[in-house]
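Going in written order, the chains are labelled A, B and C, and every chain counts its residues from 1.
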């Protein structure tokens, strides 16, 4: 994908083949490559986090007199107390702070960012005759299908009553909508995996072996 | 052992070999199949086309090397489009491993191809940890979240950022995303509060989930997978890796459909044999 | 105290964040922003902790000469090399052309993308062996998948001009309908679980 020169492209090529050797069977070359990846990845995250955030936003300002930064640093360091059983209870302080902030945001986001717009989007096409005036035939059919599908899918997940009679029929319609969605997801998943495979094989053919023009 | 038994016990390594050949052969014998543009991609293209010159486009690089074949071509094409239209590009990443990919794309397209000036026409703020929480802060006060760029330059020293203070100063946000944190967080936490134009480029695995947001108008465009990237390459008239990949993608899909049909034929024949 | 104070923290921060989401300006909003900045500061230590745990677990594996222990040496060596490459020149270690970036683009990048690309082979094998239409619902799934797979590649429009349009219609309407239904259900569950945790009813995270 990126044209590298010299021995590094050979390093990339050999490591690629080491991973693909797993397709024949599990072997030491694959394991070595796998463990190198884990170590490198962990090191990468630590370096990036330090230079992109921890140093410029926490420690450097602290050194320049912004003493409020002591609070997140101390709470963050408390995370390390979990290595010892005696002091691991201290982890609860930073954990509950972090959870409180994120859960509070999550509740608002779930309603404001997801539920309300999604419900609005389901019913808006039916307002003011838009279905007949604004959209073309297949879109109008589609919006009816959308409304039926949303209600049917929600019915499928409703377990507070036995699913029989009209509830049962609606639930079974919901299953078919779910099958269409899962089929779509499967098709897209195939697409994603083949794209990845193309990326690597293109690298091997073009950048490593120079077999392509 | 008859043919039916042999087929149902087919060594999977033969299947592996066929799929590899299905991807490799079109590289040497290209079909050059035309790429048709779909509405969600065209919508995003039109939004970028209609932005006034000098508008700021924020691109969030929320993917890692495993998403690069699908999303890097889209990142490059969108940057090309923005620079061609003299829009300003601001890059940041919610995923640390994606930052070098975004940085390279910026330098190759912005600096080398279009001779744009760093700090004036484009800026790179690198990795911003915190996911959803960072986005809530970002919309309110960009300078608080992006205090320094990826090179350590304070935000006050970047001319482009003088008038870019909050969400109201951003013309378009595009999340190039493959998971969490990513487009979901941009939609639920950023767009819900601050509105504005938001689009997403997704790996194909995630793309089906975002049609519901396109329908509500929470997204103004959606690029799905390598095909979506190929469509955008076609719109900006600069075919790249995604376009090249469409031939391999086509043949591989036909092969897999063939395997699915074959598997079901075997099932049907086995049922008939038992009956 | 070891239980009460953390429960008070999650209650206060949770309610404060929820309520002040609707106050976009002023000193309350500034305090909210400060809390969020502290959140980001704290979670950076999660990743440093993860790195430390990785070293600790593999170190114990090497010490006890457990299964695959030589590979753990390779892992720790890779980690050490990446950390050295990332710190030896200060911030400039991450500049283009430095060893850190060479390691990223020529070792980490190919390893990660190749590892995920392995799934292409397994998903093809699974399509042959396991993707069987044993009932009507599975048949619907199969047909939808085949239509999508043909509609999303250029060869599909060569077979039939209508494939791309049918694919887009399926994605925009029946697919979106089901995904929306699932999403609404998840949202209700998320809200319920989040409230339970904020109010201290759910405490399993403190074990």
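We take it that a contact is a pair of C-beta atoms (placed from the backbone, for glycine too) under 8 Å apart; a residue touches a chain by one contact, two chains touch by 3 or more.
On a predicted model such as this, the values are computed, not experimentally measured, just so you know.
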Pair of chains with maximal C-beta contact number: A-C
Relative to chain A, chain with the most remote C-alpha centre: B
For chain A paired with chain B, centre-to-centre distance based on mean C-alpha positions, whole Å: 13
Centre-to-centre distance between chain C and chain B (centres being mean Cα positions), rounded to whole Å: 16
Cα-centroid distance, chain A relative to chain C, in whole angstrom: 4
Shared-contact residues (touching 2 or more other chains) in chain B: 16, 19-20, 66, 68-69, 97, 104, 129, 133, 136, 150, 152, 193, 204, 208, 212, 215, 224-225, 227, 249, 252-253, 256
Set of chain C residues in contact with two or more other chains: 21, 36-37, 39-40, 43-44, 47, 91, 94, 104-105, 108-110, 112-113, 115-117, 120-121, 123, 127, 142, 145-146, 149, 152-153, 171-172, 175-176, 179-180, 183
For chain A, residues that touch 2 or more chains besides their own: 2, 23, 41, 44-45, 48-49, 53, 57, 101-102, 105-106, 110, 112, 114, 118, 121, 146, 181, 184, 188-191, 194, 196-197, 199-200
Complex contact set, residues of chain C against chain A: 2-3, 5-7, 9-18, 21, 34-54, 56, 68, 71-72, 74-83, 85-87, 91, 93-94, 100, 102-121, 123, 127, 137-138, 140-149, 152-153, 169-185, 187-188, 190-191, 194-195, 197-198, 205-206
In the complex with chain B, residue positions of chain C that touch it: 21, 24, 29, 33, 36-37, 39-40, 43-44, 47, 91, 94, 96, 101, 104-105, 108-110, 112-113, 115-117, 120-121, 123-125, 127-134, 142, 145-146, 149-150, 152-158, 164, 168, 171-172, 175-176, 179-180, 183
Residues of chain B touching chain C in the complex: 10, 12, 15-16, 18-20, 31, 33-36, 38-40, 64-66, 68-69, 97, 100, 103-104, 107, 129-130, 133-134, 136-137, 140-141, 144, 150-152, 193, 204, 208-209, 211-212, 214-215, 224-225, 227, 246-247, 249-257, 259-260, 262-264, 267
In the complex, chain B residues that touch chain A: 13, 16, 19-20, 23-24, 27-28, 66, 68-70, 72, 96-97, 99, 104, 126-129, 132-133, 136, 147-148, 150, 152, 187-189, 191-193, 203-205, 207-208, 212-213, 215-218, 224-227, 241, 244-245, 248-249, 252-253, 256
Complex contacts: residues of chain A adjacent to chain C: 2, 4, 8-9, 11-13, 15-16, 19-20, 22-23, 31-51, 53-55, 57-58, 68-69, 71-73, 75-77, 79-80, 82-83, 89, 92-108, 110-112, 114-115, 118-119, 121-122, 138, 142-143, 145-154, 156-157, 174-184, 186-191, 193-194, 196-197, 199-200, 203
